[in-house]
Amino acid sequence: MSRPDAILDIRDLTAGYNAVPVIRGISLCVGKGEAVALLGANGAGKSTLLRAVSGLLRATEGAVLLSGETITNLAPEKLVRKGLSHVAEGRRIFRRLSVADNLELGLARMGLSSAETARRFEEQYALFPILHEKRKDPAGALSGGQQQMLAIAQALIRRPTVLMLDEPSTGLAPILIEEVFDKMAQIRAQGVSILLVEQVVERALEFVDHAYLIQGGRLIADGPATELKDSSAIRKAYMGDVSIA
Amino acid sequence: MLLEDFLALMVNGVALGAIYAMVGIGLNIAYKPTNVFNLAQGEFVMLGAMLGWLLLTYVGMPWVAGTLILLVAIGILGGFEERVAVAPHFRADSHHHGWLISTLAFSIIIINIADQVFRADPRFVPPIPGFSLDTIFMGPLSFNTHQVAVVALVVASIFGIEYFYRHTLTGKAISAVAEDRDGARLNGINPLHLTMLSFVAGGAYCALAGIIAAPLLLASTSLGLMLLVKGFMAMALGGVGSQWGTLIGGIVIGCIESISSILLTTGYRQLVLLAVVLLVLLIRPHGLFGKAPGRTV
Amino acid sequence: MKSATVSPIAGRGSVLLDPMVLICSLIAAASVAIAFSNTFYLTLFTFAVIYLIAAMGMNVLTGYMGIISIAHGALVCVGAYAAAIATVNYGWGFWPATLLATLTGMAFSILLGLPALRLSSWYFVLVTIAFSMVVPSMLVDLRAFTGGYGGVIGVPSPELGPLTGQGGFFIILLAFAAALWWIIANLVGSRFGFALHALRDGTVGAEANGVSSPGMRLFAFAFSGACAGLAGAFYAAAKVVVTPDEFSFEFSILFLFIVVLGGPGRLAGPLFGVLAFFVLPEIMTGLREYRMIVFGLVLLAFSVFMPSGLAGGLHEFLRGRRASRRRAQGAKEAAEAAKAAAGSPVTAAQIEGAALDVDGVSKNFGGLKALDGVSLRVDPGSIHVIVGPNGSGKTTLLNIISGFYPKSAGSIRMDGAELTGRSPVAIAGAGVQRTFQTPKLLGDLTLLQNTCFGAYTRERATGFEIALSLPRARRERTEILAEAHRLLGVVGLQDHADLPASELTHGQQRLAEIARALMAQPRLILLDEPAAGLSMGELDRLGDLLKEVRTLGITLVLVEHHVDLVANVADHVTVLDRGAVLASGTSADVFRNEQVIAAYMGGAK
């Protein structure tokens, strides 16, 4: 399944907790500037896959390549410097620190000049004006949508080549979900490849080029988003056999 | 009791309390990114005092040079302890507070080696240069300049620590690790470095507490355990993680101890302190300025 | 040091052939033989047995419950002085003075433990360090009472009928140690021991099973303090003279050393620890001065490399050797057990399931509304499934029903009785069991023991009856063991009854949790994602099991994602979305509802 133009190339990845595999032999590819969705019901193993790619969880089998370089089981703190950013689920920002401090931590250990740092801040403030407005507030005081923006900005400030987003819309009101997708479209327009895990299936399929479906830790289907949209495979992945019966 | 006597006791209590607070703050420093209380830190204070005697009095080094050497040495010892006694528990991911036993074991090793090397006699360590132990009278107040220096140093160090946590990248990274270890890693922060750093810093800070406490308390190998307990009491009264709370807790402990010293014998004095701490913990389990952690299911 | 008592965990097979029991018995017999060979050894072993008595008590607190104490030596000291003062200054007999010493040790231990009832256990470490520093100073200060530095002189030795002199004293000590061993063995193999283990692993799982954390902690403090006081009285008698400088800080560390080295939370741990403590100095006579340094190094090494101590290490070694031999035999027995269990009903008695009324329940976390006016009705004896996307508030609702979170508004009634505002322990006591997303089994205990633990709330035998193995406790124990075996058969895990729970697969742990919940004979079971991580075979078994449980009358509330399973078992399905009820009805109705499908797949409304 690997393609020559793949930026992120996941091959036969198996990983889990306490030696119990949650995902088994999953392969997927994200091309340059491409947006790819990873879909499946709760507990299918989507977050586990992202955690295994970013090194938070040890992969027991398989390989992950980033721009052709093997990064399997590389520690997450090393991986971020290679251009892969992972926005974990649940708006994992540092609530007790200010918005600006959170962004600064996004650049931790990047070794940038202060001029470059200032430029990176400007970039993010331009993309998310609300963060500029609230830059001195503790991140915990932001609204849910703003926290999600901050989590994304924190990952983007490193200018990653690949951005992995784990359910950025969870718990947000529809209007805010739309805003998140708008921002993701802007990010993608800058040439960042996106691997998106989403619950909002229809909206996600409108956004991405390609989607993969997993069920019970295995890949069950994949294809261009436009094709998958009308297939019964998606409904089956989420609703089992019930809704088709 | 005369006003002069009372004030002299209070001054003494505040100075003692500042030292106890330093020990408590040292515990806080190592605790922040690790959730581990380093029970060997009392012995680091003792080592600070004893090495202070060795370098400053016995060898006769200048104060600043000697102090720098022992801060570095004890900082390294703290880092070494983190490697052998704490890091293995993190790796094993055990929930059984194994670090309580391993850091206590580390402290038993240190104190007994120190006993072999230094023997039990109390030793004199000079005050900070420019300050002295001579009593100064000012109206009804009597004090010495070293006492003033100790209190000033503690206050300055708290400002410094708070500045570090709030305004430096490393300090913010430590706060980040304390809040969300995985989240910090996804931002390129290596928690193991910061855990190590905090043990080094906690060790060095306790060493500093030791060398400035020694002129007031005399350096002896039995100092460590006593200061660990008093430092813990200061921190427990003030609230874990709160440096200013710990300072207030330390001063409360110091003043109770100082005032009771003319009324009570050693045993009763310790008993009163223990009773005060037990009582406060019963009424306010997380101290006077601490916050209860949220419940997780 | 006799130890030929029943292993606390009677599985199958003869207890007498248990190599651990055999080894302990040999050690005890050898010790007695050596002790009576000359007076030097008699004195040495007299102290060894006294240390053993104290260490066995400490093992209950520090080993089984995981609360580390540095004050144990100081409590022995308090007991020693209580006995010495009562006999010498007030002319009491030895036995009344011993009772006084025991009670004094208990009282001080409880006093020290009071703040630890609510706080993390590291507070206790420092409070106990402070206490062991206070005690020697107080002994000096109270010189009118304690004789100051000179101490109390002339404590009499115990006598009992024909047992007199040093030999008689030793036999009395042996009898006490054996009795204490037996009592502890009875306790740790009972619901009390399981509860101690559960609290060591965290309060949530324990409370959900009806264990009151302050109550058990108080019990552990009292018990260990009483043992220390008792040992103190014997210590005073053996020493004849008690002085403050015997009870240094090192004396307290010594007991920690014995417990950690021997094996915390192991019945034989203190025996091995005491043995090591008395053997080690013999090996390093030339290193006498460096004794404490060696202790420190050994303590560090054990806490890092061998946290289960000598007893744990030996246990693992024996288990490894035995495993292969037993496998063949086990398979045959298991086949028979399975045959016997097949077709047996889940439980003998029909249970009257509870009706659950959730009425307008809301929950705010800070500004976030996790639940917003959720109402649902669960019929008695039905299977009610709550489904919904991530973050819709399903687990929050379970946590409110079982008492772990306070509600922000609304009411929850079980058969008309209000549940909100009651503690998880009280709710478990009312007949509500629950399982967790990550199974909370006690990894060190066997599957069988974990299952027995489920009966915690319905066992009637008191701690006293269990400790002395009185008829009611024995009867109940037999019943519960039989029941646990049967329930393990029902969930298909009878082959693994003697395996430590930590060695089960994830799916097996989930099924084991259900068996444990059934042990309580609950009226309502709350299951949080029981199907997560199950294999296809296990999934089928789970479906059958849930339906079987329903036939007994037990009400089941599930939070579940697995749509096929839901459709298979649910009588009623409630769909939550963003903290509110989106739809409610039979699974067929609900899953054909386009709105539900949209919500499930996250379609914007």
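In this document, chain identifiers A, B and C correspond to the written order of the chains, with residue numbering beginning at 1 in each.
The definition used in the following text is that a contact is a pair of C-beta atoms (placed from the backbone, for glycine too) under 8 Å apart; a residue touches a chain by one contact, two chains touch by 3 or more.
The model shown is predicted, which means the values in this text are computed figures rather than measured ones.
Under the stated contact rule, the graph of chain-to-chain touches is complete, every pair of chains being in contact.
Inter-chain contacts peak for the pair B-C, counting C-beta pairs in contact. The innermost chain, defined by the distance from its C-alpha mean to the mean of all protein C-alpha atoms, is C. Centre to centre, using the average C-alpha position, chain A and chain B are separated by 44 Å. Distance between chain centres (mean CA atoms), chain B to chain C: 35 Å.
For chain A, no residue reaches two or more other chains under the stated contact definition.
Chain B meets chain C in the complex at residues 37, 39, 84-85, 88-89, 94-98, 100-102, 104-109, 112-113, 116, 225-226, 228-229, 232-233, 236, 265-268, 270-271, 273-274, 277-278, 281-282, 285, 295, 297. Residues 169, 172-173, 175-176, 179-180, 182-190 of chain B are the ones that touch chain A when the two sit in their complex. Interface residues of chain C, counted against chain A in their complex, comprise 367-368, 389-391, 505-506, 529, 532-533, 561-564, 566-567, 578, 587-588, 591-592, 597, 600-605. Here chain A touches chain C in the complex through residues 17-18, 20, 22, 41-43, 143-144, 167, 169-171, 174, 177-178, 198-204, 234-235, 238-243, going by the rule given at the top. Listing the residues of chain A that touch chain B in their complex gives 54-56, 75-77, 80-81, 85-88, 92-97, 101, 104-106, 108-110, 154-155, 158.
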